[in-house]
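Below are two complexes that have chain A in common, paired first with chain B and then with chain C.
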Partner chain A sequence: MKGKIIPLKDNLNNTIKEVIKSLLEKGCFDAILVPNRVPSGESFTYLLINDQDFLESCTPLPPIMPIQGARALRNLTRRGKTSLKVLCVMRPCEIRAAIELSKLRQVELENISFMSIDCPGALVTKDYIDKPKDSDILYEEVLDQWTSEHLRPTCNTCVNFSYENTPSDIHIGIIGQQKNHILLLPISDKGNALLGKIDIQCSDEISSWQTNVKEILQKKTDQRNNSFSELQNKTAGAENLDNLFSDCINCHNCMRVCPICYCRQCFFESSDEVRIEAENYFIKAQNKGGIKFPANTILFHLGRISHMALSCVNCGACEDGCPMDVPVAQIFSYIGDTVQKMFDYIPGKDRNEPIPILTYKEDELHEYEDSKGQ
Partner chain B sequence: MEEKTLPRILGFLCKWCSSTGADLAGVSRLKMPASLIPIRVMCSSRVNPIFVLKAFLGGADGVLVSGCHPGDCHYQSGNYYTRRRFAVTKKIFEELGLDTNRIRLSWISASEGQRFVNVVTEFTENLKKVGKNPVKAEVFL
Partner chain C sequence: MVKIGLYLCECGPNIAEAINLDKIAEQIKKDNKVAGIEQHKLLCSEDGKKFLVESIKKNEFERIVIAACSPKQHETTFMEVMSSSDLNPYMFQLVNIREQCAWMTPDKEAATSKALRSIRAAINRVRHHDALQQKEIDCNPDVIVVGGGITGIEAALRTAQKNRKVYLIEEQKLGGRLREYGLLFPTMQPAQEFLNKKITEVKNTGQIRVFENSKVKEILGFFGNFVATIENKDREEIEVNAGSVILAIGANPFIPTGLAKYGYGTFDDVYTAAEFEKMTSSNNITTKSGNPPKSVAIIHCVGRKRLGYCSKVCCTNSMKIARYIKEKLNGVKVIQFYKNLCLPDKKYDEFYKKTKEKGIEFLRFSDIEVTKEANQMMLKYKQENDNEDALPVDMVVLSTGLIPNPKTEDFAQMLNIPVDEYGFFKEEHMKLGPISTITEGVFIAGCAQGPHSINDSMVQAGAAAGKILSSLVPGRRLQLETKTSYVSETMCIGCGVCVDICAYGALTIDESKRISVVNEVLCRGCGNCASACPSGAARHRHFTTKQITQEMIEILK
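Take a look at the complex of A and B:
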């Protein structure tokens, strides 16, 4: 694969903006969905813009991810495809989540194009809001090191931070290059055509960038394995289950910020689950010697895992949104990983590969059923 | 006295095969332990993983999901989806360190009354060996 090296204008975000601007000018897109700083300056959110003046204030690679991009896109295409052509500038995990949602028919990808950026991870939102200015400087350091204790835990163990496994159209490579240039890479045919329209010929060697990606991938894979083996010890047995989620206050924030959790009527908020007669609780309490209120917090987490572990993209939004710092994302990422391996499935990797529970093979998984002829 | 020490199994039986199979076991007057609490579902694929988890966390010693043999589903392919979903649930049990022997997927057709008895008897015996569901003692679960 070949790419195009673009020299850096004063900073990274402005250089990316130049590319977006030329795409807009050539009429490749009608609108752009891109992260933007909120007026208070403390946070970021997605804006759908078609005005070049607004583009000046946007931040294609913000230090935090308070809104998962796939949720923004779900909002936009809830009633079907957009009539205008939209370019979404997102992190790789946001694009993968959007692909998963399209398989669940919650996002319509027609007329949508993706631009992904090598992602160093996102800072913890709560920390950022306390000190936005210091955190901005901190993020510059993160872009150098590509790992930091200030990042979301799942970002440090993320192995899909670059173009591999992310079906975007145009990818921007910044690993190891951010001091003087960025790399434009056409990932799909569509991306190739788009770059052609703004007169960019992709003929530059990208091997040095690829070596850098591999180096960081190795580092993050090691971190991932370490964190998984730690979690494996923590998650052993029914006695340890409540330790894992013991701080949970049952606010359901993790579910609301999750890009994949889309059910309009969630089981855990349905009357079946919520309106249980007092006698029922008494019976349960009598059997066990007592029960915890609110009831079924553990069931909520395990139920959520069993519903969406196959599609979990490890974005860490759940943990970031948790007011009690329950390590939800780490647990989901660990369990998601093993479940996804059962079917050799990487969520969001391939637009045409169905989610494993939405398809089947006739002859498979016999180790999970009772042996025949019993 | 013996009744009280029996494990409790919650069984999700599909209407078209397993439930009818259970019926056949009954009208044939076959004997089996009274450990199974049957719940009839229209298809085994109706069984949401949450049902299994809720039963387990609620203190059921075992959970049985049962449907038509692969290829015989009344709705053509429901049980294939069940198998995938059940496999995922079982894997999650495994990863969390929960006892995977407590959940079970069996294919029982409408004519297999004897097989229904065998499955329930064997499952009950296994559960007697592993003892009570440890979740029963956990107040915070």
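Take a look at the complex of A and C:
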């Protein structure tokens, strides 16, 4: 792979902005969907920009991810493709979620291009909005270390933080560039054509970046394995699962911030059909020695896991949005990983690979068959 | 409160002796959820059915639970009783307390306890049943037969009758592969005589419209209402309507070009059996040099390993060819090189014996190679006992198997039917539905489904015809599946999971509304969509979440 080396201007975000600006000037895009600092300065949101002046306030790699980009893109294209050419600047997990949504007809990818950035992770949103200025400085440190206790837990165990497994068009490499420059890497043919329009010679000198990506991948893989072996014990059996979700207040915020949860209305909110009469709760309470109210919170999470596990991109939005600090993203990440491995599927990796639930193979999954069954 | 009636069937001693029905009646009475409980010796008997109708009417029950045998045995019986009692047949639930309780265990108490649970569940369920209405549509009794080979001809002849038109569509000329045949196995009658008789019959049957040199461009629709676009010999597009489709597109002979050791395409006078058959139909057997061959070797099972299946017709066909050569050419030596002989019929063994008696040699080999030495073709072969030998021959006939018609995939996609691992159409079920496909109203016959003899192909054509004649009767309306699925417009978000998961092509996305819709004519009510839909938008009319939840509450209590 060849990349273009762009010297760093005053800071990372401004350098990326310059690249976006030149693409806009060359008429490559009609609009940009990019994270933007809100006027109060305390948070970030996605902004659809087609005026270069607005580009000034955008932050291509914000320290937090209060809105998962796939949700923003879904908002834009849910009723059909855009007629304008749009460049989406997103973290790799946001792009992968958008790809999953396109397979579920919730996002139209026609006329959409993606620019991904090596992602150090996102800080916990609640912590950030308490102390935005301190957190901004903290994030500078994260960009050096690529791991931190202040990040979302699933960011520390993320193995898809760079270009691999993310079908972006242009990837921006920042790992280990010693704040001197960034790399522009074409991932797709489209990306190649786009970068051709930027007037900088290509360089083969990306090996140091590749080595650094590998190093960090190893670090994160180790952290991931440790986390999963802990979760394996924590999630085993009904009782443990009950304990894990015992703090849940049934607010369903995890579902609202999840990029993949795409139902018009959640079955658990819409359906009166699963609610049962008081006398049946008494019987349940008698059998179990007591039941927790609101009831069926665990059923909600299990339902969501069964729907999301194959497409979960480990973005951590659910846990970030949880007011009770239920480790919901970590659980989803662990179960998602197990299920995805079962089907040899990496969500969002390939635009043309159907979600396994949509394919039927007569001959598969024999290892899960009942050994006594026929 | 809705009046539910519960009927307990003793099923002679079957249930009465294994389950304490009195205890069940007593408990259910205590629950106070039914308006009446009755017990009978045998509810499915004429006497039992009469009792049911009278009792239901007298007690003015509105919903009925019957605890008896498996729904597979008597669900329809009791649904008819419902209709006779002026109740909607779906306001009824059958509880299987015979196979699933009485016959499960000798422990009477355990059986009684499970039966009680199941009956309570059914009572809870039937309360939420909806009165489903039987739907009917007009249907077209006409038939489209794709492929004008012997299978298609036979299918057309068997379906053509008064009030029923048949459209027989053939890409070339009527007769298909049989047009290239000399003799028929095992009668050794001239094939063309037989075929011409059949073709004359087709032409004399006023009900069959033949399209020769024509192509099927598209078939749309569903059982009872298909529309086919045909491109005729003048390249005009013609639309025809029919209620069912028979696919009789046949198979092709395997061409062994890739198997170098047989010398096919390398040496003159190496032919496939199909090519040789053409020579026999023109009655002129000569080598390239113009002389009749003095020795002919017929090699069996060519490509058998490559194809992965036995084509079932090549062994007998090889013997037929051998007999033809022997009779036609004086003093000719004919040797059959075989590995295994496939003679699966009562008459075939006798044919084999007679073939041997006529002086045709059978030689079992384990490996073979066709070579040429100084203008003489040589067969180098390894015998069963591993002895190596060589034989000079003038002509080699390669008996190859049958492979799917390359058009199979196109029709499979067009009509939403699967193909098997070899590329032939896949039948609905090997034993229960060997002629039908998962698309209702589309049938497969002859070699389109896999290698078959002419006889078997014609039998299949007759079977497909029988299916059509009995299900699409002119003037009668078609009864549709009542227990279908539907999609809630307010809940559906149009993700299309149900569309991809439906095996019957019954679900599509309405692009203007961006939600999915069920075609109730195609829906068979399997419920796959309802279980796959994450939103609860796809629903089954007779397995609603409420019905299942309420049933499960009682089961798990």
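The working rule: the second predicted complex is superposed on the first by the 343 of 374 C-alpha atoms of A that agree within 3 Å, B and C clash if a C-alpha of one lies under 4 Å from a C-alpha of the other, contacts with A are read in each partner's own complex, and residues count from 1 in each chain.
Keep this in mind: a residue touches a chain if its C-beta (ideal position, glycine included) is under 8 Å from a C-beta of that chain, and two chains touch if they have at least 3 such contacts.
Owing to the predicted nature of the structure, the values given are computational and were not obtained by experimental measurement.
Colleague: May I ask you to name which of chain B and chain C touches more residues of chain A?
Modeller: Looking at chain B versus chain C, the one contacting more residues of chain A is B.
Colleague: Does chain B (first) or chain C (second) touch A:N352, or do both, or does neither?
Modeller: neither
Colleague: Which of the two partners, first being chain B and second being chain C, lies in contact with A:S203: first, second, both, or neither?
Modeller: The answer is neither, since A:S203 touches no partner chain.
Colleague: If you stack the two complexes on chain A, which partner ends up touching A:N180: first (chain B), second (chain C), both, or neither?
Modeller: Touch status of A:N180: no partner.
Colleague: Tell me which partner A:R79 touches in the superposition: chain B (first), chain C (second), both or neither.
Modeller: second
Colleague: According to the stated criteria, A:N280 is in contact with first (chain B), second (chain C), both, or neither; which is it?
Modeller: Touch partner of A:N280: chain C, not chain B.
Colleague: Between chain B (first) and chain C (second), which, if any, makes contact with A:S40: first, second, both or neither?
Modeller: After superposing on A, A:S40 lies clear of both chain B and chain C.
Colleague: Touch test for A:F267: chain B only (first), chain C only (second), both, or neither?
Modeller: So A:F267 meets both chain B and chain C here.
Colleague: With the touch criterion stated at the top, can you tell me which chain A residues are shared between the chain B interface and the chain C interface?
Modeller: In chain A, residues 267, 307, 357 are touched by chain B and also by chain C.
Colleague: List the residues on chain C that touch chain A in their complex, please.
Modeller: Residue list for chain C touching chain A: 490-497, 500-501, 509, 514, 532, 534-537, 544-546, 549, 553, 557.
Colleague: Quick check: in the complex, which residue numbers of chain A touch chain B?
Modeller: 232, 235-242, 246, 267, 284, 287-292, 296, 298-299, 302-303, 305-307, 309-310, 334-335, 338-339, 342, 356-357, 360-362, 364-365, 368-370, 374
Colleague: Where on chain A is chain C touching in the complex?
Modeller: Of all residues in chain A, those touching chain C are 79, 104-106, 262-267, 270-271, 273-274, 276, 280, 283, 307, 354, 357-358.
Colleague: In their complex, what parts of chain B are in touch with chain A?
Modeller: Going by the criterion above, the answer is residues 48-50, 53-54, 57-59, 70-71, 77, 80-81, 83-92, 95-99, 104-107, 115, 118-119, 122, 133-141.
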